[in-house]
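Each of the two complexes below includes chain A, the first together with chain B, the second together with chain C.
Then we have the complex of A and B:
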């Protein structure tokens, strides 16, 4: 089975990319546990705590990120530079515990995957 | 003129928008545009230098969990105040 990297690059509730990526991730988790999940650029915003999407009549899919470890997905990487650019390096209470890594480092980790899916 | 920004500042040309903003104009951040109001972003520094009044829609900030990280230099408004802005300005430019 190929190793698959899921790369989230867009923030929540402005479009459907985050929700679609999460659905694809859950589906893939049934077939393999050789999965890595990367949160980069606006994708880091997916993991901010305290989101209230019901205020804009959007579905709250964010909590599902928090239960991904139950699906045997254990490798999460959050881009340090993306956090810094958004003033979020000191933020805490993230929905999902991920490793905060510099771009050069997660790029290296990405090289270990056979297929990349970007959302 | 009322300017509305509905895209993330990381996904659009904010500098181009700000080129035409004049004194008396208002700029409203909405949808993903509220990301431009995060403290510590380059976008916020760009907005702070603009002559326009700065506003952001509270529902979009709350929806994304950005409240604790949002700049106090931007007036946070609700939908009713958004309507008031559209009444105040005869023209709107959507970005």
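Then we have the complex of A and C:
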């Protein structure tokens, strides 16, 4: 079975990419558990705790990231450089626990996947 | 070697190059002897199925180009239904709601489909290309 990677690169509420990527991820999880989820650039902001998107008329889909392990998705990778650039290396309480990896390792892990979707 | 492709289009018919690049790529891969199982339209890509899209007379009509392409080569044009409804691309309006009053604007040749078929295509194809 192919390994599928979902890469999140955009912040949570300025566009719908994060939310629609999450929907696609959930749909794929129904057919396979060989899935990896990657967060890089503003995509790391998807996992920040305490978001209140309803205040800007956006829907709160963030909590769904927190329950992804229930859908048998267990591999999460967060780009360390992206966190550092945003002053978030020391942050905690993340919505989803992921492995924080340096960009070079992040790329190495990603190369182990057959198919890539970017949101 | 002939490969089975699946394409995903995430840009609108007008406004970005995503759709036109995807269309050209789709045509090129068939010329090269590969197979294209389906094209999946997601995010703003669903606008490719809006038949109200009215380009100027000296511009490519991407919406009708997709229809022609799908028909000529027997390629399914799948539009994500949840992304489409949110963006006002609708088909077979029912239930007396606002959609029924507005009527259908799904271009002939496209079909509304679920994310499940994207997932299926992802697993079955040899190459998945996102535009």
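Here, the second predicted complex is superposed on the first by the 119 of 119 C-alpha atoms of A that agree within 3 Å, B and C clash if a C-alpha of one lies under 4 Å from a C-alpha of the other, contacts with A are read in each partner's own complex, and residues count from 1 in each chain.
Throughout what follows, a contact is a pair of C-beta atoms (placed from the backbone, for glycine too) under 8 Å apart; a residue touches a chain by one contact, two chains touch by 3 or more.
Source: prediction; values computed, not measured.
Three-chain overlay on chain A, with chain B and chain C fitting side by side and no clash. Touch criterion met: A:31 reaches chain C, while chain B stays clear of it. Rounded to the nearest 10, the angle at the Cα centre of chain A between the centres of chain B and chain C is 90 degrees.
Looking at the superposition, the partner that touches the larger set of chain A residues, chain B or chain C, turns out to be B. By the touch criterion defined above, A:87 reaches chain B but does not reach chain C.
In the superposition on chain A, A:96 contacts neither chain B nor chain C. Once chain A of one complex is fitted onto chain A of the other, the partner contacts of A:23 are limited to chain C, with no touch recorded for chain B.
In the overlay built on the shared chain, the residue A:49 is in contact with chain B alone; chain C does not reach it.
In the superposition on chain A, A:68 makes contact with neither chain B nor chain C. By the document's definition of touching, of the two partners only chain B reaches A:58; chain C does not. Minimum Cα separation between chain B and chain C in the superposed model: 16 Å.
In the superposition on chain A, none of the residues of chain A is touched both by chain B in one structure and by chain C in the other.
Chain A meets chain B in the complex at residues 10-15, 41-42, 45, 48-56, 58, 84-88, 91. Of all the residues in chain B, the ones that touch chain A in their complex are 7-8, 10-11, 31-32, 35, 38-42, 59-60, 62-69. Chain C contributes residues 8, 42-43, 82-83, 114-116, 118-120, 122-123, 128, 130 to its touches with chain A in the complex. Chain A makes touch with chain C in their complex at residues 1-2, 4, 16-17, 20, 23-24, 26-28, 30-32, 115-118.
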